[in-house]
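Lettered A, B, C and D in written order, each chain numbered from 1.
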Amino acid sequence: MEPVTVSFSRDDNLDAPVLIEGLPGIGHVGKLVADHLIDELEGEMIAEISSLHFPPQVVVDEQGVTHLVNNKVYRSEKNGKAVLFLVGDFQSSSAPGHYILTERYLDIAESLGVRRIYALGGYGVGHLVENPRVLSAVNMERLRPEVEAAGGSFENAGSEGVIVGASGLLLGLGEVRGIEGICLMGETSGYIADPKSADNLLSVLSRLLGIEVDHTSLQQRAGEMEQLIARVREAEEAKGREELSYIG
Amino acid sequence: MEPVTVSFSRDDNLDAPVLIEGLPGIGHVGKLVADHLIDELEGEMIAEISSLHFPPQVVVDEQGVTHLVNNKVYRSEKNGKAVLFLVGDFQSSSAPGHYILTERYLDIAESLGVRRIYALGGYGVGHLVENPRVLSAVNMERLRPEVEAAGGSFENAGSEGVIVGASGLLLGLGEVRGIEGICLMGETSGYIADPKSADNLLSVLSRLLGIEVDHTSLQQRAGEMEQLIARVREAEEAKGREELSYIG
Amino acid sequence: MEPVTVSFSRDDNLDAPVLIEGLPGIGHVGKLVADHLIDELEGEMIAEISSLHFPPQVVVDEQGVTHLVNNKVYRSEKNGKAVLFLVGDFQSSSAPGHYILTERYLDIAESLGVRRIYALGGYGVGHLVENPRVLSAVNMERLRPEVEAAGGSFENAGSEGVIVGASGLLLGLGEVRGIEGICLMGETSGYIADPKSADNLLSVLSRLLGIEVDHTSLQQRAGEMEQLIARVREAEEAKGREELSYIG
Amino acid sequence: MEPVTVSFSRDDNLDAPVLIEGLPGIGHVGKLVADHLIDELEGEMIAEISSLHFPPQVVVDEQGVTHLVNNKVYRSEKNGKAVLFLVGDFQSSSAPGHYILTERYLDIAESLGVRRIYALGGYGVGHLVENPRVLSAVNMERLRPEVEAAGGSFENAGSEGVIVGASGLLLGLGEVRGIEGICLMGETSGYIADPKSADNLLSVLSRLLGIEVDHTSLQQRAGEMEQLIARVREAEEAKGREELSYIG
């Protein structure tokens, strides 16, 4: 078995200068934003990525049909702007797997002409945040002014931080290949999906992309998630547990 | 050393259209049913599978003779219906190993002309179940009506479930090869081997196979297991432990 | 780097019909017996085995000189009987590594004409044993009478036991190559090195080998170990800890 | 992806007879000394080493720019003495990775003509030490007198110690290649970075190298670290925690 399998469902010209990564992570902030953008920009799935570095399981959908765990590449070209998306339900289940998968993500990006990657994620601070910033990192110093102009903050720089997983390695291994990398991290408690954080991140990202996007459905999705969280919390309180559980 | 070794003990025509998987899992429901069917249908062992992805150990039999840990393929052809079985004592000891082993299981299935796989397992609910359902999943939507007609329930669909290990991957990776996959999961507490659950699963499966099977010895085996559990539980209570231990 | 490296220090005729394995395990019973036999039979080291499946460390000897972690093959030919020994300080640090290392041990055995392997170990019972038995397992049923005649017990058969690690796999993977395998396990508490257990095991083994061996130094070594254990225990009691710690 | 990637930034004559390793370890003693020597001897970075055996992450610098996790080789040639350094932020994230990375470190050393390696580290004793010794080990017995003459102690020999990770394997695997290896371990509590220990280690090392080095900035750096530790400790005490946390 190949360690990573990439299956394209189309083979016509799929090039795009930009890839947006929104794999699962802290507070699922990146995933929320990427899934929203795919909806708004009418993205179409063009490739599926499966790997023995993903968890060994299938997911069962609402029809009772199983689907191999995988990540997906979408592409949209609304208003003449081509954008690729890397989304899905899982990151690697092992440390070396993160490197192996990210190199394949970059192979795909290179083969489709990608010159810039936006890696989206959350920045967990361990407490609720009233006005969540969009903290940022870049893999080439010259990218910083553009990010700051769009509202990205670099106040986290200098705190000896690290960025773990696909988001971090897309910037690190991307730089080796000369691909620009910008990581946007919505400040968030880390305990719950954070609509304000995702909303703010979307604002900065859409300015960087030069694309106007409606935020309504993201706010709705976040609202539904908040209701779910509230119900879970009530159920937990009913059981007499007091600590806030991780929901993501 | 090859990561997986398959040794066939016969090389005549071993084809069969159907493979039934009953490897160990929750409540050993799948294993109970598969072992029972092999007995009833007079299955014959045709291949052994050993692998460095299994635990590094041998089992000692009643004569004091050691046997390398392995899984086995059986074949029966009672009343003109050829059926293959994949059974054994172990699943992979690592996440990537599940993928590697399942691809080999599918290689065997393909080479023997298998067009449909039944993956049997348990569906743990964490509490005793009076009337255990046979919850189901399929890897192609068109298989669902047939399963429902045989008594399989899809009430679990929509709960965002996953199927872990060989059962899940046989459906997920099997679909890629065009092999039909039906997973039948006997609802069970997850704490103890559940005779009712296995009995119900066998009913649904035999309808799907179009085979009539005597349930007596399965009920006996389950009865013996219940007695063993009762003795273990008494011994534990005698030690003053109150929590119900996992027995499988 | 090769996963396993074998360095022979001699290349003349090193054949021997028998290999005795005494790698570390429960109560270090096997190791105690094998090290004693090497002393008594004046064994000479003929090969060293290093591997990335061993722990990543060196040991520092009494002169302050480091030695790469490895296992060793010794050979003795006292009184015309050639015997090989597989001893050392470590087993594999991973599950697949056990398989990979054991296959290499068997490659060495086959290349030196070995037709029978004695795998020595301990059989932990969790409490002190007054008259420790030498419990046994074989990889071919026809070997059983010979072991019983030498005093090996098969009373453990039928308890659904497993033999983990190199000892188990030497029998299991050895059988595939047609090499006879006999596992002798000295019954022991599992908490402390057990001189009586090692002494009894040596008696059974020397009958099987047809070799007379002096037991004195083994009893001395065991006595020293008991004194060490007593000192450790006193120190622990002085600290007010009451549970018996694992010493091996 | 290659398991280990080595990128040289210069390809002119980079030979040196000596390599000093100061990767992270107990009390960061080795790292403190190596980083200090690079400063004092005006070392220049000549190569970067990245690997899927490192943690899957990037570090964010003070400008908000990401850097792939890697180790680095520096070279200095002050006063005509050429010295190489192996430093960085990480060791392997897995046991086999330690072997694989160390073999590559030795490939680099061999290709640059290195005949001796100094592996620097800490020797944790679990309590504060008034006058920390520089405990030593060598991979060839003939090196011992030279180390003792420079003030290295071998009082640890005979305590059945092991040296784990890159430091140990550089000596063990280096010996196989005929490269001299000397391990210097500053005695330290293991809880906090220990300026006295690093200071003493530097004295022994500079005697062995025949290089005079100013200690001032090491003492300053250690002083700053001590202040940081004091602040952390105060903060912890304010939170009512009493156990001393690991800071490194």
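We take it that a residue touches a chain if its C-beta (ideal position, glycine included) is under 8 Å from a C-beta of that chain, and two chains touch if they have at least 3 such contacts.
All of these numbers come straight from a predicted model, not from anything done at the bench.
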item: Chains contacting each of chain C and chain D, listed by label; value: none
item: Longest centre-to-centre distance from chain C, chain (CA-based); value: A
item: Equivalent interface positions on chain B and chain C, same or different at half; value: different
item: Superposing rotation of chain A relative to chain B, computed on C-alpha atoms, to nearest 5°; value: 90
item: Approximate Å spacing (C-alpha centroids) for the pair chain B, chain C; value: 37
item: Rounded Å distance between chain A and chain C, as computed from the means of their C-alpha atoms; value: 53
item: Parts of chain A lying in touch with chain D, wherever the complex brings them together; value: 92, 95-96, 98-100, 102-103, 136-141, 144, 154, 156-165, 168-169, 171-173, 175-176, 181, 183
item: Of chain B, residues touching chain C in the complex; value: 1, 52-53, 55-69, 93-94
